[in-house]
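Below you'll find a set of structures to go through.
Across the two complexes that follow, chain A remains constant while its partner is chain B and subsequently chain C.
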Partner chain A sequence: MNALKRYWWLILLAAIAVYPIIGKPSPYRSGLLIFAGIYIILAVGLDLLMGYTGQISVGHAAFFAVGAYTSGILTAKYGFSPAAAMGVGVVFSATLAFLTGRPVLALKEYYLAMATLAFNEIVVTLIIGFEGLTGGASGLRDIPPFTIFGFSLLNHLHYYYFVWIVVVLVIASSIAVVRSPFGRALIAIHSDEQAARSFGVDCAKYKTRAYMLAAVYASIAGSLFAHYMGFIAPDDFGILTSINLLVMLFLGGIGTIFGPALGALFLKLLPEVTYQFQDYELLINGVILIVVLVFFPRGLFGILTALKNKIVPRTGK
Partner chain B sequence: MMEKNGHILTVSSVTKTFDGVRALDDVSFSVRSGDIKALIGPNGAGKTTLLNAVSGLNPPTTGTVLFEGRDVVGLRTDQIASLGMSRTFQLIRLFTINNATVLDNVLLGAHMYLKPTLLGTVFLRRKIKGQEREATSKAMDLLKLVGLEKEAHALPGSLSFGNQRLLELARALMTDPKMLLLDEPASGLNDAEVEDFTRLLMTIKQQGVTILIVEHNMKLVMNIADDIIVLDFGKKLAEGSPSAICANPDVIAAYLGVQSKECGVRE
Partner chain C sequence: MSDISHLIQFLFSGITVGSVYALIAVSLVIVYKVSQLICFAQGEFFVFGALTMTTLVSKGVPVPLAFFLSIIIAMVLGALIQQVLIRPMKNASVGALIVMTIAISLALRGLALLIWGRESHVLPPFSQGEPIQVLGAALQLQILWIVGITAVVLFLIWFFFEKTPAGIAMRACAENPYGASLMGINTQKTTLFAWAWGSGIGALAGMAVAPMLFTQYTSGVMPMVKGFIAMSIGGLGSIIGSVIAGLLLGLVESYTIGLISSKFSDTIVFALLMAVLVFRPNGLFSRS
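And then the complex of A and B:
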């Protein structure tokens, strides 16, 4: 039990390393896993903000867009190296989250949901509006593949490894955050803001920090996405994407880090199973979602922990 | 930082109005360093409003609150808390989200001196782990003090009402407070629990912590208070030693009434 809690990343790394050897995936298959990895990064970041800090965002794709477009524009038009462009995107996203965080997160519940929704819309509208820079509604082309130290990650397997190493780092840093005094302050804010204040927690500051971290993760995911696709368009970053992220959170089990990661993986790989039903694909996806959410409110991760506790009964604490 | 006349807290002419209703009307009093001061009065007299005005949760409309000589009106609640003022709540307010345990609740009390930063949390793992170990051992000592060490890994919701109150006290002590504001900490406790609680408060007092306590249990108040202030309809009705308060005809008429036989019970 404790070993699993401590060494989960070894198991995950092993699975990531071994899969291509055993599975011999086609470019299409590894592409699916790359997308899944990118969405895991997004979902885990949003879980820090929603599942731990208790602040809803219905516009998280905005920071996904900021990362993707910063990377896309700087590499395709200004000759930046992809790693440098990703770094600029991270700084830009963090700054944007810092500046918008205080006023937006001063709002609560429905108002916060509306404000974040509007933020997503504004970012997408700006992207469409600045056509000369962003390519507007028709999209931005000719984004080069990712390179590290001059080594191009054009090969789909190389990129698969790269993305999933980032996934492990993102999950590991998120776990470190939530199992620390910092994470405890976030949980206190989620439970009872006034009580948290009475114990010295500067709520506005800590909410903004969680927002910034989620934004940084989303920005990294955006950069990874842009370099994999080579072409990005505003449609990829709309409210629908934000809502999909929410579905991943609740499907996987919000407030658990691993749950949203599982939710993202599940939702991105599900079409692989259901596509055989062709016309009924969307219907079946919908039914699975409803069944999980109605009967397993703690999500997929909740089901797994319940199963594990059945097989290995909890002893003592 | 030396406080005037050994007063750690001086409240002067504090008034609080809610939509024209005067919940507090020109209240002034002070608390000597190291004392236990009790705040009593009928329901609706403004006792909790006064605690909230002092702790910044609901700042006064006019008036000043000096804590260690510094005016804290206008400071945020978290800033006032960080100066060394901690509290418990009338309606228990523990942290319960994400399976936060009893121990987690106490550990949050360390927030104001750990002051965790995001970058430190991600990049200085070793330092954070060291801090966490130290804080955990201190939190366990406090849980032992209030008798909850066996429940450290339980969820707060599984504790009895009385134990939840004790957990709130342990959390408040974790902040290393100079002053504690306790809002009806003994309500809902049975007689035996009240006795344990009385001893606990005396232990805390001996460690040099000043206490301002709102309480209806007159036996508890008479046993521990060095000094009492009585509120009625938002105004200060009387202030003085327990024996003087007991003999005060205004206080008997407004509040003590049938309870007056509890007066003078000193063990």
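And then the complex of A and C:
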């Protein structure tokens, strides 16, 4: 049982790897899981910023947009290879986060929420405005599929594996970050910024770095999204997407990395169950979220951990 | 049309839109003052107000009666939400509270979809008649209604907060809830009251512009975001500040769309918001 407790994530990895072989999913099914994976990358990155560093963002989709559009424009119009374009997007997002991080993250709570929301809208309105480059409101088309070493990931199962390898890397690196001295500084900033500062933590610097890291993950997610869709439009990157990410974080259980991942997976797969209720879908989503927030403030991951502790009682060491 | 008449036309549309932003901002501020909470569901009251009134009027209810009934329905809805959903979250973090109001807005939007469907609805204007010509610009009668309603609401709010015991109690709760409760003020009742007010004013904003807009279940998002901007520029907790900011926002928007570029008007507005937040975090009109 102890081994199970320690190595449960290996079972999860095996399940991800084996699912396409056993389940033989249709392109539609694997497409759902690809989207879920992309949103997991976004949510886990945002969790580093919100759950660990305690900085609210209602505009995280801005970096998702930057990644997607950098990849889309460079590959569709300038003949860049997808991997190179993704790299440029990452550098671009990190720079943007570096430049805006300090002034924006000096704000707190609602002011920060409003500033990040405004940032998101600025990015989206610029994308809509610069029609010649971005395709404007009607979107950017003809984005080629992803290629690695000349091998094109046209097949949906290949792309499924590619996206989920990135997901695993993002989750693993996030756990490493959280356990590192850097991560501890972030947690210290979250619990008490004044105290953290008096212990010599340069809060502005660390907050900006967390912001940059979250932006880099979002940018990667954006590139993956653009190459999978082949077509992107500003609607995919607006405030509503940012708000959706917040919902994933709190639904899954913020500040746990696995929680937001679970929230993203749940929210992306939920429509599979609720679509048959058609017009009730929106109401059902809202009510599920309300119920989780009121009765399970630690989210779905909190429920799972509680269940696990019941089945496998904690052993004192 | 001459240049002057263009400028006047932009002024009219700026004031119209600005009044709506001001009303929504005020409704947000009232809730914020007593609950220290920015309600992301405020746009839904805008939609509920507009659509309830449209339905009532189309069912043959006289306009004045439909008007007051719609406001009361929104007020009850707001009070109910505060009592049942927000009150249990007293100790939650700002993030959790924001997500809670988002959840409420999703549920309300879902409800609106079930009641009114996906199509848009238009309310007939409050009064019939030709637009008034002012130096070559057309002034629709509904604009007079919108401005008039905004003025009356603002006067009532001022009167309420300055002259009535209930209003003064509400201000006390906003300043210091614990101290207020020691003075024998029922803080819970006051909070409930503020939510009812906020929801009612949000609904009123939707109803006033319903004749000039195609309202559907998703129409609340943008007005709410603009209300946020006005509120933040005005300095979160200030009613006067948010009214001025709301009107200013409407005018800036209208003139940038008319004179500079319709593509980048929102970019300019949001950049303005970021600039104010970064350089004057207590609002444009605060004395630092």
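FYI, the second predicted complex is superposed on the first by the 307 of 317 C-alpha atoms of A that agree within 3 Å, B and C clash if a C-alpha of one lies under 4 Å from a C-alpha of the other, contacts with A are read in each partner's own complex, and residues count from 1 in each chain.
Basically, a contact is a pair of C-beta atoms (placed from the backbone, for glycine too) under 8 Å apart; a residue touches a chain by one contact, two chains touch by 3 or more.
All values derive from a computational prediction rather than experimental measurement.
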First (chain B), second (chain C), both or neither touched by A:D192: first
Touched partner set for A:F250, first chain B, second chain C, both or neither: second
Greater chain A contact set [chain C / chain B]: C
First, second, both or neither for A:L293, with chain B first and chain C second: second
Partner chain in contact with A:A221 - chain B first, chain C second, else both or neither: neither
Partner chain(s) touched by A:M114 [first = chain B, second = chain C, both, neither]: second
Partner chain(s) touched by A:M229 [first = chain B, second = chain C, both, neither]: neither
Touching partner for A:R209 - first (chain B), second (chain C), both, neither: first
Residues of chain A contacting chain B in one complex and chain C in the other: none
Contacting residues of chain B [partner chain A, same complex]: 55, 57, 76-78, 81-82, 86-87, 89, 93-98, 100, 104, 107-112, 114, 116-118, 120-122, 125, 128, 131-132, 135, 153, 171, 175
Touching residues on chain A, where the partner in the complex is chain B: 51-52, 54, 173, 176-178, 180-185, 187-188, 190-192, 194-203, 209, 212-213, 255, 317
Chain A to chain C touching residues, read off their complex: 50, 56, 58, 103-104, 106-107, 109-111, 113-115, 117-119, 121-122, 125-126, 128-129, 131, 239-240, 243, 246-247, 249-250, 254, 279-287, 289-290, 293-294, 297
List of chain C residues in touch with chain A within their complex: 38, 40, 85, 88-89, 92, 94-96, 98-100, 102-111, 113-114, 117, 221, 225, 228-229, 232, 236, 261, 263-264, 266-267, 270-271, 273-274, 277-278, 281
